[in-house]
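Each of the two complexes below includes chain A, the first together with chain B, the second together with chain C.
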Partner chain A sequence: MTEHQARKLASLTTPLLLIALLTAFVLLIDAFGDRSLGRMAAETLIRVTLVVGFWIFAGNSGVISFGHAAFACVGAYVSAWMTLKPAMKSLLLPGLPDWVAQAEWHVLPAAVVAGVMAALLALATGAAILRLSGIAASIATFAFLAMVNTIWANWTPVTGGTSSVVGLARYVTPWVGLGWASVAIVVAAIYGASASGLALRATREDEVAASASGIDRYRHRLAAFTVSAFFCGVGGALMGHLIGVINPDGFYLSLTFLMLAMLVVGGIGSLSGAVVGVLVVSIAVEGLVRLEKGVTLGATQFALPAGSQEILIGLAMIFVLIFRSAGLLAGRDLILPAAWVAGRAKTTK
Partner chain B sequence: MSKLGIFDLSVRYGKLTAVNNISFTVAEGERVFISGPNGAGKSSLLAAIAGEVRAAHGRIEMDGDILSGRVPEAIARRGLSMVPEGRRIFRALSVQENLMVGVGLRRDKTAVPDDLEAIYAAFPILGTRRHANAGALSGGQQQMLAIGRALMTNPKLMLVDEPSLGLAPRVVDEVYDRLCSLQAQRGLTLVIVEQSSARAGRVGGRMLLLRGGQIVADGDAASFAADDLLKEAYFGKAAP
Partner chain C sequence: MTLQLVFDALSLGGIYAIAALGIALIFGVMKLVNFAHGQFIAFAVFALIVPSTDAVAVMGLGAAPALVLVPALLAVGAGLAVASEYLVFRPLRNVSPVALMVASFALGVVIQNALLVIYGGRPKAISLWPELGKPVRLLGAEVPMLQIMVICAVLLVLALLAIMLKRSRVGLEMRAAAEDFGMARLLGVRANAVIAGAFALSGALAATVALVLVAQTGVADVRMGGQIMLIAFIATVVGGMGSLPGAVAAGFAIGAVSVALQAVLPIEARPFRDAFLYGLVILVLLLRPQGLFASASAKPRV
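And now, the complex of A and B:
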C-alpha cells in the first residue's frame, strides 16, 4: 500500500472514531448516570445532529449562517403536525388542512419529512440568499431567522402562535439521538470528501481563484445549505419529541447562539471540531447547572449564584477565542495514524 | 483561426480607462508576453479575458467562440485557465486538494490520476509535499502549485499574471524553465504578464508592450531589449 492510499484510508476513520466517541459517551451515562443525566445525553446527541448539520454548510463554505435555528423550528413543527393525535390538533391547531389534521404518522417517517421540509425551505430561500457574498449573506440568514420566528409566532391557527404546542410523543432516548447523530456525521464526512465539498472549501479560501478554477460557487453553496438544513430539521423534530413541548422561541436566538458557540469552541474548520465542541459545551453546561443547584462537600454546602452558568460559558468562549481562535481542534480531524492503518491493512492481507 | 482574438477591447473602472481599445490575436501554441510599466493595463487586460472584469467595449474570442460577457467559471470550462497574480492558492487545503479543485469541471475524469502524476513529475517538490498544507509552502513552491492547479483543468490556453512577483531571481528562472517545458509538452498557448521586459527577452517569445492602456509595440521579445521603444514606453518620449 502506498503512503497516499494509507492516508486516504486513514481519513475514512474520522467518522468512525467520532461515532465511537459518542457511543462511549452514551454507554457511560447509561451505566452510571441517573434519569436527568440520560436526558442531558439525549439532548447532547440532538445537538450533535444540529451542529454537524450546521457545519456541513458553515464549515465548508466559511459563511456563518444565523438562520439554521429556523430550520430546526420548521422541522419541530412539521413533526408535531404529522404525529400529534387528531383530537389534540383540532383543539390546538384548528387551522391545519384536513389531511394534516387527520394524519397520525409514526415518528420516524415524520422526522424524515421534517428534515425534507426544512431542506426544501433551504433550497427556496438559499436560491436568493446565497447569491450574496460574505457578510451580506450572513445578515440575510439572520433576517430569514427573524422572519420565520415572526411568522411562527403569529400564524396562530397553524402553529399555535406564541403558546406552546404540547403532547408530542416523547420517544427520544440517547440511543435515538445517537442514531441520527451518526447519520449526520457519516453524511457530513461523505459531503466533505466529495468534489462539491472540496469546491466549496476552495471558495472559502479564495473566491476569485476558485472561480478561475471553474467553480460555480452559488451551486455548491446551495447544495450544502440544503443538505445542512435537512439535519437541522431532523434535530428540531427530535428536540420537540425529547421534551414533548415546542414553542417558536425555543428555536430562536438562544439556540442560534448555542449552536455557534459549540462550533466556535470545537473549531469550525473540521467535522471533529463540531462534534467535540458540542460534547465539551454540553458537559460544561451540565456541570455548571449542577453547581448552581448546590453540592455538598463534607459538612459545607456550596452553590454558584443563579445565572452564573451563562456567564461562565460566555467567558469560556471568550478565552477560547483569545487563546485558541481556531477552536479546540484548530481545524484538525480525529484520525488514526496513516502508518497504523497501513500496518493493519498489511497484516490482514 | 487564431487561438485568442481581442477586438477593440476597452476596460473601464468608473471614469478611469485601464484598457483603451486594444486589438491583437494570439496563434495556437504561441507564447506572448505582456509587458509595460505600472498602470499600463496589463492585469486589467488579463482579468477581462478571464471574465473577472466586464469589458466596457469590444469582443474577446477563443477558437472563434465569443468569451466576453461570460462568467469566469464558464470561461474556465472552455479550456482557458488563469494563474492569478499573487498565486492565490487555497492555503488551508493540502497541495493535492489544491490540484484537485479544478478537476470537477473536466469531462475526462479517467485521465485525472495520470495528469496528477504528470504535475508531480514536472514539479517534484509538490509530489513530496502533496499532503502538506499549501500555506506552508515557500513562495516559489506556491507559484508552482498555482501553475499546477491551472494545468489540472487541462487548459488549451493559459494566462499567467506576474509569475515572478516577489520571488528570488533564481526561483524565477526555475518557474520559467518549467513553464516553457510544459508548454512544449502540451502544445499550450501561453499569455504571460511580465513586468520585466529583460526577463521576457531572455525567456523568448512575442512581446506586447502596453502603456496607458494601449499597445505601443508588438514584436519579438529578445529584440526589444536593445530597442528605444522600451525606454519610451516606461519613461515617455524624450523631448526633441
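And now, the complex of A and C:
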C-alpha cells in the first residue's frame, strides 16, 4: 500500500469517528433518561445537520453565507404543508393550492421534499448571488435572508404570516436527529473528497491560482450551495417537528448567529470543526439557558438576566477569533493515523 | 402629489445614503463589512433615554436642548465606534476580511442583547421634537417640517464630509488609505489614527441616522437599526465596495426606487415592497457584479 492510498483510507475514518462521537453523546444522554436533556440532545443533532450542511458551502468555499437560515425556514414550512392534517390547514393556511391542502404525507418523504425544495431555491438564487465576489456575495445572501423573511411574514394565506403554524407531528427523537446528522456528515465527507470539493477548496486558498488552473469557481460554488441547502432544509423541517410550532422569526437572525457561532468556535476549516463546534456551543447554550431560568445555590436564588446567553456566546466568538482565529480544531480533522489503517503492511513511498 | 413623492424619495434616500457612507468609510480603510453598524444606530437611539426596563421611556439626554443634544449624541456614536475598534477590531487587524465580518456580526449581537438586558425588549414610545411633525406648504405640496429638516441635514452632512475629505489632512489620509492602505502607510500615513478616525466618523453618522429615525418614528426598539443597515449594505455593494460617492448615489437611488415601488405597486403587493427591492438589487448586480462605481482597488492584483 502506498502512502497516498493509506492516507486516503485514513481520511475515510473521519466521518466514522464523528458519527461514533455523536452516537456516544446520544447514548450518554439516554442513560440519564431525563426528558429535557433528551430534547436538548435532539436539538443538538438537528443543529449538527444544519451546521454540517452550512459547512459544505461555507467551509469548502470560504464564503460566509447569511442566507442558510432561510433554507431552514423553507424546509420547515414545506414539511408543515405536506404533513399537517387537512382540516388544520384549511383553518390556518386557507391559501394553499388544493393538492397541497389535501396532502397528508408520511414525515420522512416530507423531510426529503423539504430538503429538495430548499436545494431548488438555492440553485435558483445561487445562480444569481454566487456570480459576485466573496464579500459582496455574503452581503447578497443577507439580502436573500431578509427577502425570504419579508415574504414569509406577509404571505399570510400560505405561511400564516407572523402568527405561528401549530400542530406539527412531534416525531423527532435524538435517534431521528442522529440518523439525519449521520447522513449529512457522510455526504459532507464525500463531497469534500470529491473533485468538485477539492476544486472549491483550491479557490478558497487562492482564487487567482485556481482560476489559472482552469477551475470554474462559479460552478463548484453553486454545486456546494445546492447540496448544502438540502441539509439546511431538512434541518429546518426537523426543527419544526421537534417543537411542533413554527414561525418565520424562528428562522431569522438568531438562528443565523447561532449557526455562525458554532462554525467559528469549532473551526470553519474542517468538517470535524463544524461538528465539535455544535457540541461545544450547544452544551454551553444549554448551561446558560438554565442559568437564565435561575438556579438555587444553597439559600440564594441566582439567575442571569435574559439575553445574557447571546452576549456570552457573542463574546466567546470574538475571543475565539482573536486568540485562536482558526477555531478549536484549527482546520484539522479527527482522523485515525494512516499507519493504523494500513495495518502492519509497510507503507511504501 | 408628484412633488410629495420627490420629497419622500429625497428624505428616505438621504438617510440610506448617510447609513451607507458609515459602512463604506470603514470598508474603505480596513476592508471590514461592519455588521454592527445597525446596533451602533440602536445604541445611539437608546442613549437618549434613561436606562430602565419600564415600559414608559423617561428622556435623559433626549430632554436637552438641540444645541447640546445633537453634538452629544454624535459624540456617543463616535465613542462607541472607537471603543469597538480599540477592543475588537484592532486585535483582529491582520485576519481575513471574512473573519472580521464574522467578528462584527458577533459584536452586533452583543450590543443588541446588552441593550435588551438594560432596557427590556418592548419597543418604547419617545417623542423627540414633536413640533417638527407639522406640515408646511412648499411649492404647492404639503410637506412635514421634519422632512425638510432631514433633507437639509443630509445635504449639510454630505457637504461637510466632502469638504473634510477633500480639504483636510485627515481626509486626504483617509482617501489615500481607502485607495491603497499599504502604500499609504509607506508614505507616512498613521494607520491607527486613520482607522480610528474612520470609525469615529462612521459612529457619528450612525448617530445622525438614529436622530432622524427617532424623530420620524417616535419609538425606540432594540431591533431598529437592522433594516436600515441591510439597505445600507446593499447600497455599498450596488455602489461598488469601497467607493464613497458610489455608496451615496446608490443610497439615494434605493430610496427613490423604494418610494416609487410604494406608489406604483398594487395595495395587495405593498407588504412585499422590500422583497421586490431586494430582488431588484440582485438583478442589478447580475448586470454589473462589480457595482456601479467600482473602485480601482476592488480587483485583486496578482
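The rule we apply is simple: the second predicted complex is superposed on the first by the 328 of 349 C-alpha atoms of A that agree within 3 Å, B and C clash if a C-alpha of one lies under 4 Å from a C-alpha of the other, contacts with A are read in each partner's own complex, and residues count from 1 in each chain.
Note that contacts are C-beta pairs under 8 Å (C-beta built on N, C-alpha and C of every residue); 3 or more make two chains touch, one makes a residue touch a chain.
For clarity, every value in this text was computed on a predicted model and none was experimentally measured.
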**Message:** For A:I64 in the superposed arrangement: first (chain B), second (chain C), both or neither?
**Reply:** second
**Request:** Would you sort A:S325 into first (chain B), second (chain C), both or neither based on which partner it touches?
**Result:** second
**Request:** With both structures superposed, pick whichever of chain B and chain C touches the larger number of chain A residues.
**Result:** C
**Message:** In the overlaid three-chain picture, which partner chain does A:L198 touch, first (chain B) or second (chain C), both, or neither?
**Reply:** first
**Item:** First, second, both or neither for A:V208, with chain B first and chain C second
**Value:** both
**Message:** For A:D216 in the superposed arrangement: first (chain B), second (chain C), both or neither?
**Reply:** first
**Request:** Please indicate which partner A:S138 is in contact with in the superposed arrangement: first for chain B, second for chain C, both, or neither.
**Result:** second
**Prompt:** Touching A:T150 in the superposition: chain B (first), chain C (second), both, neither?
**Reply:** second
**Message:** Please report the chain A residues shared by its interface with chain B and its interface with chain C.
**Reply:** 208
**Message:** Looking at the complex, which residues from chain A come into contact with chain B?
**Reply:** 4, 7, 195-196, 198-199, 201-202, 204-206, 208-216, 269, 331
**chain B residues touching chain A - in the complex, by the definition given at the top** = 50, 52, 71-73, 76-77, 81-82, 84, 88-93, 97-98, 100-105, 130-131, 149-150, 153
**chain C residues touching chain A - in the complex, by the definition given at the top** = 31, 33, 88, 91-92, 95, 97-99, 101-103, 105-107, 109-110, 112-114, 116-117, 121, 226-227, 230, 233-234, 236-237, 241, 271-272, 274-275, 278-279, 281-283, 285-286, 289-291, 300, 302
**chain C contact footprint on chain A (complex, rising order)** = 62-64, 125, 128-129, 131-136, 138-140, 142-144, 146-147, 150-151, 154-155, 207-208, 253, 257, 260-261, 264, 305-308, 310-311, 313-315, 317-318, 321-322, 325
